[in-house]
Amino acid sequence: MQHHTLAKLAQHLDAELVGMADYPVNGLSTLMSAQPHQVSFLANMKYTSQLSSCAAGAVVMHPDQAHHFAGNKLLMANPYLGYAKLSALFASKTSFSGVHSTATVAASAVLADNVVVGPGSVVGENTRLEKGVVVGPNTVIGDDCVLGIDTRLEANVTIYYGVTLGQRNIVHSSAVLGSDGFGFAKDGEEWVKIHQLGGVITGNDVEIGAGTTIDRGALDDTEIGHGVKLDNQVQIAHNVILGDYTAIAGCTAIAGSTTLGKHCTIAGACGITGHLQLADGVHVTAMSLVTHSIKEAGAYSSGTSLDDNNKWRRNAARFKQLDQMAKRLKHLEQLSQ
Amino acid sequence: MQHHTLAKLAQHLDAELVGMADYPVNGLSTLMSAQPHQVSFLANMKYTSQLSSCAAGAVVMHPDQAHHFAGNKLLMANPYLGYAKLSALFASKTSFSGVHSTATVAASAVLADNVVVGPGSVVGENTRLEKGVVVGPNTVIGDDCVLGIDTRLEANVTIYYGVTLGQRNIVHSSAVLGSDGFGFAKDGEEWVKIHQLGGVITGNDVEIGAGTTIDRGALDDTEIGHGVKLDNQVQIAHNVILGDYTAIAGCTAIAGSTTLGKHCTIAGACGITGHLQLADGVHVTAMSLVTHSIKEAGAYSSGTSLDDNNKWRRNAARFKQLDQMAKRLKHLEQLSQ
Amino acid sequence: MQHHTLAKLAQHLDAELVGMADYPVNGLSTLMSAQPHQVSFLANMKYTSQLSSCAAGAVVMHPDQAHHFAGNKLLMANPYLGYAKLSALFASKTSFSGVHSTATVAASAVLADNVVVGPGSVVGENTRLEKGVVVGPNTVIGDDCVLGIDTRLEANVTIYYGVTLGQRNIVHSSAVLGSDGFGFAKDGEEWVKIHQLGGVITGNDVEIGAGTTIDRGALDDTEIGHGVKLDNQVQIAHNVILGDYTAIAGCTAIAGSTTLGKHCTIAGACGITGHLQLADGVHVTAMSLVTHSIKEAGAYSSGTSLDDNNKWRRNAARFKQLDQMAKRLKHLEQLSQ
């Protein structure tokens, strides 16, 4: 485990150090669990009381809270951001380097300096891997792809042909980019496949979760903006466009040709139907279904709340009478006038 | 890029060519984006006005619309089908051929002529790959499988043992066919695994999306009919039977032993519980839950519509009083009589 | 196919054999389909009438039903458990053995006796595979992992670094354990990644379905209890804790830091939001959303029931007026007093 001095951490965080500059730490932990060789952080005020018994070698915190902790302190305005920045220092690194002897790299592929291709990985014809790209074990990249500087694919990822990823993307295992969009024409009673001729293009700093699938476009590309974060098992259909810095939680599905604005947050297990436009700054709560375009920023929801199963059954039965109930209510109102 | 003359396209589409027979095109695009070296199509009347400024080398369209476009035309009754058929001409082809040196093919496997097995792929004992089968890189096929003529598995697909695929199937990356159905018997407080002894069998012209999972049957097989199309991240549990030409959109889950009829369309993110029977021609809208058998063709839905989060909270709170509201309404009606 | 005598089956099941001890069977089937060389079972009384025409070589059944069947019988109190135990006898075995020549096993990895590593698999540095572990083809295991005795990974599984699996786990294809939890801090309009420094730890006898994803913890571990069963395409976010013997059906998603008690059953396609506590013995019906902690065992539901689409549209429109309807109802009640 690598050690860092508190002075180095202060510099890394652009934080004010109150305490021992040479004090070494080699890990990051919660206030409750941290040991003297670890650094911790206070980002949520409800944990302030834990400071009195905290054994951490140093704590990242807001200057206003500094008086609550007697030990070494790293003071900054946004301690949660401090935590994020520290986490990068203590993250594990891949143990592979260079192009593994069991990888299959096409003769026409172009690999820049410092590229890692893991065991069993496959890199297609005319594909270009820029400086610092890491391709995890048994990952497959098709022909005519570009992976930008420092982009990292974990193990067992699949990138189809003609996919362009920006810089510093991270793609987790079992994710698939560039699979065929779901398009068919009817010919009598049979479905005739519409081959998907577009690609997928992502901006910089995009993260794509495990098992997430992003289909290639039918004719034009599917587009993922800069800084977009997709959790696990998200489904992005063909020709979807996701605006910059939009974040989508696990198991949400977005149907074809829908466009999301910038800075949207879509919670888990939502559905968004096809050919819609969502404005910037739209927030959708968990397991909601969006079937119309949304023109204004704000929070949106659908569904019903959890209830005891017996009560829920009775209420759900009444839901089927709701239109009739509304008419009966109106009739009573007319009688009472 | 391969070039095709309009005469060849007319023959491929069984369309009437009005224009230059020798005119070459090498791609397919939308009316808005098409260049003179590309062909386009008019399938949705709302785009008719785009024809006046369309630069395509030719447009596939219905004869009734022919007067809207001055350039080369390919006239046919179903231009959307024309688009589908053209898309096949311009689709990319795999760059691998033959059995790659890094593939592991069991000695007892039988490979017909013209079979492609990509780098790192594994083919099990007694498995038979018929003529024209393509196995993408790092795909794994278990023992005792059959893949019909021209079936194509993309990269990182998993086919367990004892799975039989028909002709011209396409299976996308991270899909899994033949995993164990979810079956356990209770023994006191523990779950005892019911090993799944059935298989999976698919008809011809089936397409299976990225990350879709189809479990093997408990004793009998899980069955996917001819021409069935499954989008990404669909879950098909053990002993489900899907009728011919049924199409299921992304992230829908179907529980064990449920049977769907022919020509059903199930939208995305639906749930269908176990041991149900759905008739032919059932259509279920997005994110609906089906908990009872459906005996008649038609469209079905559940859930509530999206609303502003504040309004939704108030209405969702009232949903929990709905049975009580119905009783109070009835009481008022009795008073007013 | 292996043959077993009924005497052996009786011993395996701890059942009372009524019939021919030396009679050989080599398979398991339903009452309707079973042949004389197969054994069957009666676990659901609604199939009792099938016994009269059942051709099975023997039937596992409750002693109270014995008089319904003239053939060989294996009598025990829980015939469904009997079926589960028999299924293990007739399950297929992997055709690989030892460490395949195309596998990449790190020099510092420790492999106990009787370990199988399939073609194309990768085992990381300092990883320990205990006795009887099976690693399917093209599966990737990162550095510093432990796989307990007799744990089995199917093909194309991904285990990130620092994951510890108990004994007799089964992990199906395309599953991912140890991917990064979905954690980011805001820095102006950008998201800054919180590197996920915790691991994943599972108990004994855990089964994890195809395409299921389990994220590593942010600082502490994500924990899966003994005997937990996860179906396909389940999403378990970082720092979730699942109590012993809890079972979760397909496509359910559980958000970060939520704890489920023991013996919970969560049906398919549910959502459970983050930072909740669910008691032991909680049962949630299909496609329900849980947004609050649940303190008492019992069954819980949300959503509405399926209806004809036209009727549903009218009722869903009224749902948006529900709070207003409640107020109008109250007003009428006040008038009538």
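Chains: A, B and C, in written order; residue numbering restarts at 1 for each.
The definition used in the following text is that contacts are C-beta pairs under 8 Å (C-beta built on N, C-alpha and C of every residue); 3 or more make two chains touch, one makes a residue touch a chain.
Because the structure is a prediction, the values reported are computed rather than measured.
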{"item": "Angle of rotation relating chain B to chain C [CA atoms, steps of 5 degrees]", "value": "120"}
{"item": "Same vs different contact residues, chain A with chain B, by half of numbers used", "value": "different"}
{"item": "Chain A and chain B, separation of their C-alpha mean positions in angstrom", "value": "25"}
{"item": "Multi-chain contact residues (two or more partners), chain C", "value": "102, 120, 138, 156, 174, 211, 233, 251, 269, 303-305, 307, 317, 319, 321-322, 325, 329, 332, 336"}
{"item": "Touch list for chain C against partner chain A, complex", "value": "102, 104, 106, 120, 122, 124-125, 138, 140, 142-143, 156, 158, 160-162, 174-176, 179-180, 182-187, 189-197, 211, 213, 215, 219-220, 233, 235, 237, 251, 253, 255, 269, 271, 273, 283-285, 288-292, 298-305, 307, 311, 314-315, 317-319, 321-322, 325, 328-329, 332, 335-336"}
{"item": "Complex interface listing, chain A residues touching chain C", "value": "27-30, 33, 78, 80-81, 83-85, 87-88, 90-92, 95, 100, 102, 118-120, 136-138, 154-156, 170, 172-174, 205, 207, 209-211, 227, 229, 231-233, 245, 247, 249-251, 263, 267-269, 286-287, 303-310, 312-313, 316-317, 319-323, 325-326, 329, 332-333, 336"}
